[in-house]
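Worksheet for the structure shown next.
Each chain gets a letter, A, B, C and D, in the order it is written, and its residues are counted from 1.
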Amino acid sequence: MTYTDRELMVIAAAREIGDGELIFVGMRLPLLAFALAKRTHAPRALGLFENGIVRESPAPETPFTISDPPNIAGALWSTTTGNIMALLQQGLVDMGFIGGAEVDRYGNLNTSYIGDWKRPKVKLPGSGGGGDIASLATRFVIIMPQEKHRFRERVDYITSPGHGDGRDWRRKVGLRGGGPSALITTLAMFRFHPDTKEAYLVSFHPGQSVESVRAQTGWDLKVAADVGPTPEATHAELEIVRSCDPQGFWTR
Amino acid sequence: MNRERAVKSYPGRPDCVPARPRSILGFVSKLTSLKDAVARFVPDGASVCLGTGLEAVIPFAAGHEIIRQGKRDLTLIGPISDMLFDQLIGAGCCRKVVAAWVGNVIAGLGHNYRRAAERGVPHPIEVEDHSNFTLALGLLAGSLGAPYIPTRSLLGTGILESNRSLKLATDPWSGEPVVLVPAIVPDVSIVHVQRSDAEGNCHLWGTLGVSREAALAARAVIVIAEEIRPREQILADPNLVLVPSLKVAAVVHEPWGALPSPCQGFYGRDHDFFMRYHEESRSPEGFRAWLDKWVLGVPDWKGFLDLLGTETLERLRVKEHHLSDPLDYGAR
Amino acid sequence: MNRERAVKSYPGRPDCVPARPRSILGFVSKLTSLKDAVARFVPDGASVCLGTGLEAVIPFAAGHEIIRQGKRDLTLIGPISDMLFDQLIGAGCCRKVVAAWVGNVIAGLGHNYRRAAERGVPHPIEVEDHSNFTLALGLLAGSLGAPYIPTRSLLGTGILESNRSLKLATDPWSGEPVVLVPAIVPDVSIVHVQRSDAEGNCHLWGTLGVSREAALAARAVIVIAEEIRPREQILADPNLVLVPSLKVAAVVHEPWGALPSPCQGFYGRDHDFFMRYHEESRSPEGFRAWLDKWVLGVPDWKGFLDLLGTETLERLRVKEHHLSDPLDYGAR
Amino acid sequence: MTYTDRELMVIAAAREIGDGELIFVGMRLPLLAFALAKRTHAPRALGLFENGIVRESPAPETPFTISDPPNIAGALWSTTTGNIMALLQQGLVDMGFIGGAEVDRYGNLNTSYIGDWKRPKVKLPGSGGGGDIASLATRFVIIMPQEKHRFRERVDYITSPGHGDGRDWRRKVGLRGGGPSALITTLAMFRFHPDTKEAYLVSFHPGQSVESVRAQTGWDLKVAADVGPTPEATHAELEIVRSCDPQGFWTR
C-alpha cells in the first residue's frame, strides 16, 4: 500500500504521542497525528489548542483552523488563550508540535525573519504560540518540509528555542521545558543527542537514503549507528489518516 | 470631546492606567452605525486591538470600514490577526503592528505584510514581535492595571532582541531569569460578539482567545454584535458578560460581521474566501483589485454580503443548533 | 501514591510550577465520599485553599469533615473565609493562615482566630496578611505559572512589613515602586459548585470571587457539587467549565454542602446560624460545645442537615427561579 | 423627625456620592448609602463589590453580605474579585467606603493588629479589600464609630493607607489613589486639609459639640472656621433609609 511523505509524517508524529499525555496540538499535520494517536495507542491523550480549547477527542471532521466551530463544540474546556498557555508554563504539558521555515542543527526554529531582522530579506508570520511551546513544553516535536536552504547551520533568528548552541544551553538561559525530542521531515526522522543536543539522523523515508537526506541538510549531519528506513505506515494507520483527511487537503 | 479623550492615542509604551472614559458611563443607548463608531472611536494614530478571538469572530466588517474611511498611522494589536491585518497593512492604514503572528492562517504568508516589512510598500511599518502568550500577558497586565507580568517564555529567543518593549530581569526569589512583559493598553478594542444590549452589556462564547483581556485593558471598546437583545436577557446571565458596559463606547448591530471568519452558533468559516484572497493578493495590483471589489467598491457591510451572495451565507449559516443548559440565578 | 505526590506539601514559598497530577489524568469517575476525598487529598501539613467564593459557596461540609478527621498543621488559604477558618483554627487543624480577612463577616471578629493569634489557644498560628487583591494576584500568578505579579496596592502599609512574602521593588519602566506578590500554589483547592460530572468537569456561577484562580493554581482540586450531571450536559457549555478536569482529584456529591453560606439558584444564606455561632464561640468552652454539637456530634454532612432541620432547609431553598438564556454552540 | 446617629451617617455618606460615579460599596452602612444616593441625587452611580459584582441598582432587599444571591441576580457584571480590583488599579473607581477599628489624624486605618503586630494585644480580622480601596481609589470615605481609644495620634499598624504622615506622603510612597476625602463618625464629620492632609472637624451631629467631639478624639483636633451642626437628615432621606433597613438591623 503506497502513501505520501505527508501521510508518513503524520503517522510518525502520532507515534511520538504517549497515552494519557497532554499534547499541545495546533493545526494541519499535528491535528491529524493527534486524531490518529487517539484512535490507536493513546486513547487517553488530551489535546490543547492555543485559542483556549482542551479536547479529549478531535473534532468529528478535521477543521481547517483550530477556531472553527466544530473544534469548540464538545470541548472539555473553552477558555482564554492565557489560561491554556498557563498550563504550559505550569509544566503540565508533555509535548507540543511546532513547524518552522528554518531549523538548525540544535533544533532552533525561525519563523520570523530571513536575513538580518533589522533589514529582513523575508518577513515570516512570526511566533504565534510556537515560541511558547518551545520554551515551556516538557518536550516538543518539529514537523517541517526538508530542503537544504531550510536546514541551516545556524538560523538567522531564534523564534522557537531548541537547544541553542547545544549541551546545557537551555538550562543556562533559564528555559524549563526540555526542548525538541524529534524532528520529522518530508525525507527523514531525526532525534537529538542526549549530551551534545545535536540533531542526528535516525531513519529515512521510502525512496530516501543517508546520502539523499544529507544532500538536503545544511550542516555536517551526524547519523545513528543503527540508521535505517522509517518504520512503514501500517494499513490501519493509513485508513485512519485518510478518514480524517478524505480530500487529502493536508496529506496529498 | 470627552469621548475623544477616552480614545486619545498615547505615544510610546502605553500608560497602564487608562484614562477614565467618563462620558462613556451612563445608561444611554450606544447603538450606532459601524460608520459612526469607526469615525468617532478609531482616530488616526490610535492603537487598535482587533482579531482577539484568533481565527474566529474576527471583526472584518469593522476592518473594512476602517479601510473605507482611510484611517492612517494605526497601531494594530492582536495575537494572530489572520487575514485582517494583512488587509489593513496593504490598504496603508497601519504604522505599527504588535502581534504574535501576521499572515493568512490557512494559506501561510501575508503578501502585504511581507511587502510592507521587506520593501516599505505601500509604506514602511514597525513590527513589535510577540508570542501568543506574551501578547496575552501584556493585555492581561493592561486589564489588571499592572505595569507588567513576568514569564519564563521566550528566554534565549530573538524576540527579546527585536521586541525592545520586553525586558530581561531576575526573579528576586529564585534568582532565575524572567521576561517582563509590559502592559498593553489599546486606545480601543473592537470585539465581535454573539449578542449585546444597547448599552454594551454583551455575551461572547465559543473561542475566547484574548477577547476578555483586550476589552478590559482598552480605554474604550467597540462591540460588534450579531444580535441586539433586551437588557434583561443579557443580565439574566451576568457571569457571561464580557466587559462592564462602562468600558463600551459604541454598540454596532452588524449580522455576519465576522465573515469570512466563523461565529459559534451563527456561521462557519468561509475557507475558500481566505484561499482566494491569498492568491489575489500576491501582487500589489492583485490586492488593489481585491480591495476595489470587496471593500472600496461597496458602501458598507451590507454591500459586502450582497457580493458574497445569499447562497454562500446560506451555506455557512449554522443549521444544527446545540443549546447549553440554562443557569438558575434564582435568589429567593 | 502518585496521588499523594499530587498534593504533597512544599515547605516555604510554594514553587510556582505545580507537580503534574499525572495519576489524576484519565477518564475514570472521580466520584467519592467527602470522607474519602478529605482522607486522601488533605494530608496533615497540606496547604488548602477554601472559601474562594467570599461569603458564598463556602465549602463548610468539607471544612467540618477536615475537623472530624482531626487534620493537623494545615496552611489555610482564602480571601475572607468568613466563619470557616475560625472553626478550623479553633478545632486545632491550622498551623498558618494566608488570608485577607478572618472572622465572621456579619458579626465581626472571629473569637477562635483571636485566641490563637493573641494567646496561642488552642495553639499558636502563623498569619500571612494579605488584601483581597494581593491574595487574588498571588493565586492568579500561581494559575499562570508566573513567579509573581506586581501591584501598586498596599504601598506604605504595615502589610508589607508583617507579610514577609511580599517584596517591594521598582517598575523598571516608570521607576515607580511596586509590590511583588509571589505565586500562591495550594496543594489542594476545595471549590463548591452547582453542578459537575463524574470526572470533575464542573459549572460555577453567581459569586466567583477567586474560585477560578484558586482551582487553576492548585496542584489538585476537590470539587463539591450540588448536582452530578451527565457529561454531555456539562460539556454543552464548555466556556462555563471552571477548571479542566485533569486538575480535579475528587468529585463529591454533597447537596446543601455550602450551608450556612448561600449557593446561587439553590439556597440562601442562613444569617441566624452565623449570629448564633458568633455568640456561642465567645469562650473556648462555648466553642467546644458548638463543635461537639454541629461537627463532632454528627457522622457526616447528612447529620448536620438533620440537626439543622427540614424547616430551615425549606426556608432557605430558592423558590423563585431565574433561568439564563441558553447559548447556541451549533457548529454546522 | 428624630433619627439615629447611624441613620445620619448613612445620609452623610450618601451625600459624598457623585452622580455617574463608580463607587466601591461594600457592606453595612455604605450599602444603604449607595441605595439612598441612587434614589436621590446620584441615579447614574454604579456600585462595585469585591466579590466580583457591578450593580447599577442596589438589590431589591438589602442583603446581609455582598455575596447573598439577591446581590448577584440582576447585576451588570458578575466576574472575579481580581477583575473588580483591576478596575480600582486602572484608576477608574471614583470613590470607595472603608470602615476601621482605629484611625489617626491623617486618616490611616488599622484593621489588623492592636499593639505590636509581632505580639498583638488584639488580632483584628485584617484588610479584606480595605487596603486596596485605600491604595487605589481616586478618593475614599471612612465610616466608623468615634471613641477616643479608636481615634489615635498614630495607629499601631497601617492596614488601609490614609495620608501617612501628611503632606505628599502618598506620592512619596507611590500610591496613585487620592486618599481619604471625608471621615464620617457616630459623632461628627471630618475632612482633610488640602496641604497638611490632616483631618479637621467640619460638623457635629445633633447633641454633639466641638468640645464633645474633641473629648472623643485622641489628638489635638483642628476645627474648621465655619464648623457647625451636620446638615439635618431630611424626611425624604430618612424614609428611603428606613425602607432599605425596615428592621433597623444596620441603623438602630
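Simple rule for what comes next: a contact is a pair of C-beta atoms (placed from the backbone, for glycine too) under 8 Å apart; a residue touches a chain by one contact, two chains touch by 3 or more.
Here the structure is a predicted model, which means the values were calculated and not measured.
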item: Of A-B and A-C, whichever chain pair has more C-beta contact pairs; value: A-B
item: Most distant chain from chain C by Cα centroid; value: A
item: Where chain A and chain B are represented by their mean Cα positions, the distance between them in whole Å; value: 29
item: Rounded Å distance, chain B centre to chain D centre (Cα mean); value: 40
item: Centre-to-centre distance between chain D and chain A (centres being mean Cα positions), rounded to whole Å; value: 58
item: Multi-chain contact sites of chain B, meaning residues that touch two or more partners; value: 137, 144-146, 151-152, 176, 178, 205-206, 208, 239, 264-265, 268, 318, 322, 329-332
item: Contacts with 2+ other chains: residues of chain D; value: 53, 68-69, 72-73, 78-79, 82, 88-89, 176
item: Graph class of chain-chain contacts, one of line, ring, star, complete, other; value: other
item: Inter-chain touch pairs (all); value: A-B, A-C, B-C, B-D, C-D
item: Complex interface listing, chain C residues touching chain A; value: 16-18, 20, 22, 25-27, 143-146, 201, 216, 235, 238-239, 241, 243-246, 329-332
item: Chain C contact footprint on chain B (complex, rising order); value: 13, 137, 144-152, 167, 169, 171-174, 176, 178, 180, 182, 194, 203, 205-206, 208, 229, 233, 236-237, 239-240, 264-266, 268, 318-332
item: Parts of chain B lying in touch with chain A, wherever the complex brings them together; value: 53-56, 79-80, 99-103, 105-106, 108-110, 113-114, 117-118, 127, 129-134, 136-137, 140, 151-159, 161-162, 176-178, 205-213, 261-262, 264-265, 268-269, 271, 318, 322
item: Complex contacts: residues of chain A adjacent to chain C; value: 20, 22, 44, 46, 53-54, 56, 68-70, 72-79, 82-83, 86-92, 176
item: Complex contacts: residues of chain D adjacent to chain C; value: 27, 50-53, 64-69, 72-73, 78-82, 85, 88-89, 110, 112-113, 117, 120-132, 135-136, 157-161, 164, 169-170, 173-176
